[in-house]
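Listed below are the structures to be examined.
Below, subunit A partners subunit B and then partners subunit C, in two separate complexes.
What follows is the complex of A and B.
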């Protein structure tokens, strides 16, 4: 029974990682930017919700869409203010990575300065739960499942059936060819940062109402998502989602035998194992014709 | 005066870390996020060997170097073959694992409480006690590290390192064994970082897991890029600026504003602005950061 409970918890955590991982992968595949500031975007969404719900008293159903829009805009802002000028100056990937770390550090410090380093809660009391014998399912479990069932098919449709979605995939596959075919790259960067950040915003909404917000809340989630992208296979979005679910399950199922403090070692151990023995990830063979 | 000596010792320890980081990032183009870990491994090795095993300071320092170099070789051999972003992630993962191991292996590291009471170095009857004494000791060891570094980057190997940094395929075509050279540099860098860790352990007489995590990695990168790549002077200027400048902020700030957070915000902003407007840092060379 404990195992089943851990499995359910793992799926819920996995849905969260899958959302951030796919968001990260959309940005990474298109721009090749190791966008570590994605963690700061994630936390930004959380603080937006906190300001709207707790400080301004906006009801949750109205606060969530506003926060999602603000989070997407924040991701785009980072690209426009930081990455775009660096691209214009022909900066190396290393310089862009360092600037990204700068953005992450700056944002986390600003959150801490304005909102303190404490965890801020959006609501009091325990979450509504459903009991099935020994198994407890919280409202967050249900919402995570619903969100995953709605968002991933919608995203798949967007990427395969719409003009802009196809342009995003073209950019990821072959940037030069995309330019030749008349894709406006700078406009497309705005789109991938908006979509990627929006997914982070959706993920943080699930977390913020459950566990509250902290300045550095984004970093561990962002890093696990990065690992998920590697585990799933760079360049293949469903792989990133699968990697997210796999890591969520791995983290929670490991609690069956090991104490929670070993979770970091397990996740990052998995990263090292994959990087060294299977850098193409689980679904690497699907990329046989693509250059990663 | 004692406070100034304290700041100088801290600057020197960071300068020695920056110079070994520069060897990897600036000269060879190995973008490593593992430096703080080897620094921590050196500090913990020194603390464990002196406090638990009762070794003298000199043997502990030499062994710390060996342990750091071995750890770097062990990590570097499988990971240095990986392409750019993969290597960065592998080392990120490695440093998070190291922190987790330090916190969780209580039998060896005393867990989150750290290890206290690292002895001060001594020469015969002469124990280095005063602020000036420990400053002189640290300065001597750091000068040694600088000397070895300077010999290394002025040796014939320098050209090979630069070739690897600027274009790996060209380096390979020129007959340079890229992976082997990177492993040598990485091993040496790990050893030197561990040596800086030993200096920190002797100075603070206390080691704890908080000092070797992500914050330190970012601080070291900021120091390297403020000072500038490929520059002995830069590796001293960067730490000096970043240690002395925040002292100004001790006297200003809003109510409840934590100096640590102001510093962090400053490091972050500094990294962004440097990459945008002066990627070569204050006194460094303009290499590697524009393609």
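What follows is the complex of A and C.
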């Protein structure tokens, strides 16, 4: 029973990691920007929900789509205001990475300034739970599973069956060829950042209603997402999702025999193992196959 | 000759006036004290409200009452950031620029690196709420709280009296907290109890469900939660509730009184028994009137440490840090807002935690 409960907890955590990791991966694959400010976008979504639900009294069912739209717009805004000028100046990837860290740090400081460093709760008390014998499942577990079941197939359809989705994949596969074929890259970047940030918004909706919002809430999620992308295979979106689930499961299942203090060792140990022994990640070979 | 004599008189008068002016200026110079605490990060808001604000309140009160020895007290607050290097840098600035004679600080990872600097520059370190026993190995340090090992013993005694045979521990990874855990484990096992699970999480963690799943599988009579921030206490209690873990009793430390636990709501803290110090109602009322929110035990400790310093300066008749430190160390009994502290030759007061229980929105003294 213990193992089954840890497995369920791991799947729920993995679903959240997978959402942010796929969002992160869409942006990285399309733009080659290591968008660490994705963590700031994640937290922005949480604060949008807090403002709408708690300060303005908007019902949750209406607040969620508004917050999702605002989160997507915020991601696009970071691209337009920060990355686009740097791209126009042919700045190095290192400069863009540092700018991204700057945006993350700045946003965290601004959130703390406007909302304090306290946890701001969107709802009172514990989550509703369902008990099946010794197994307990919270409503967030259920919603995370449902969201994963809906979002990932929908994203796959978007990327494979729509003109814009195919353009994003073309850009990710070969940016130079995409330019030659007349793809408006800047417009596509807007779409890439919007979709990636939207996924962060979906993940933070689940987190915010469960754990509340805090200025630095995006930082650990962003790091785990980065590891998930590397573990899953850089460049291959389903790999990022698989990497997210794998990390969620590893973190939780490790508790079966180890103390909680080992969780970071597990995550970053997995990262090192993959970087050294399988740098292409779990599914990196799939990308190579697709390109061939 | 007359001119020379006149000039001599003028020089003497001028020198006298200058000396008088210097003396007056010296008498009017403020007594400089400082705060070096982390004002940002996960606990920044808590630190500002319950560590910095009480010291500011005490300083404001003493200055409004005419100051000490006819001099006003000047308090300078520096952000110690979140690591030892930041804490040392903040203290160094306070010493070199603001010329402080005492610093108010907290947190083991920040305070222990500050101690060598404070010792070298002869600055009194008042780490009111720091529970790590090593603090008072320094001859310049003062605390206003029971050491970490005392709380564990008190909780073990209560668990035994309530008839619990097994207990699980859920704590944040923190050196001082592990000292509490060790003392609780030793005392509980000595009383015939058994620790069936001992799980930890990191300060930045938000998920404790995995650890709680393991604790639930061990089926303990009681669960003891020890953390260093209200946010973590709120999360732990919420997730205990959600995990299906239903111990006969939850024990905790004083962070159960934190406003983040209150703001989470949902009755998650109802019935929790915890260790704390008892806040003087008059102080609590004064604190709320001045700052607009409720005092907690930590705020009382920091207020008391500030007032103790002022009393010691009065007794010493000077703000010379060595003499003031000596006055604190031989202070004897100091009646504070959260306890009667007794200093007998060191910065380690004799003080023991009491038990309270959460009943609705109130915290009531508890005897098992």
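Just so it is clear, the second predicted complex is superposed on the first by the 288 of 292 C-alpha atoms of A that agree within 3 Å, B and C clash if a C-alpha of one lies under 4 Å from a C-alpha of the other, contacts with A are read in each partner's own complex, and residues count from 1 in each chain.
By our rule, a contact is a pair of C-beta atoms (placed from the backbone, for glycine too) under 8 Å apart; a residue touches a chain by one contact, two chains touch by 3 or more.
The structure presented is a predicted model; accordingly, all values stated were derived computationally and were not measured.
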Please work out whether A:145 is in contact with subunit B alone, subunit C alone, both, or neither, and reply first, second, both or neither.
-> neither
A:98 contacts which: subunit B (first), subunit C (second), both, neither?
-> first
Which superposed partner A:223 touches (first subunit B, second subunit C, both, neither) | first
Using the superposition on chain A described above, determine whether A:282 touches subunit B (first), subunit C (second), both, or neither.
-> neither
Considering only touches as defined above, state whether A:112 meets subunit B (first), subunit C (second), both or neither.
-> both
Applying the touch criterion given at the start, work out whether A:183 contacts subunit B, subunit C, both or neither, answering first, second, both or neither.
-> neither
With the two structures laid over each other on chain A, which partner does A:85 touch: subunit B (first), subunit C (second), both, or neither?
-> first
Regarding the shared-chain residue A:269, is it in contact with subunit B (first), subunit C (second), both, or neither?
-> first
Should A:255 be classified as contacting the first partner (subunit B), the second (subunit C), both, or neither?
-> second
Using the superposition described at the top, list the residues of subunit A that contact subunit B and also contact subunit C.
-> 109, 112, 116-117, 261, 264
In their shared complex, at which residues does subunit C touch subunit A?
-> 40-45, 173, 199-202, 204-211, 213-214, 216-217, 231, 234-235, 238-239, 241-244, 259-260, 263-268
Would you pull the subunit A residues touching subunit C in the complex into a rising list?
-> 1-2, 5-6, 9-10, 13, 109, 112, 116-119, 121, 124-127, 129, 131, 134, 136, 138, 207, 211-212, 214, 216-217, 220, 251-252, 255-256, 259-261, 263-264
What part of subunit B is in contact with subunit A in the complex they form?
-> 29, 31, 78-79, 82-86, 88-90, 92-94, 96-97, 99-101, 103-104, 214, 218, 221, 225, 256-258, 261-265, 267-272, 274-276, 279, 288-291
Interfacial residue positions of subunit A with respect to subunit B in the complex | 34, 82, 85-86, 89-99, 101-110, 112-113, 116-117, 219, 223, 226-227, 230, 261-262, 264-265, 268-269, 271-272, 275-276, 279
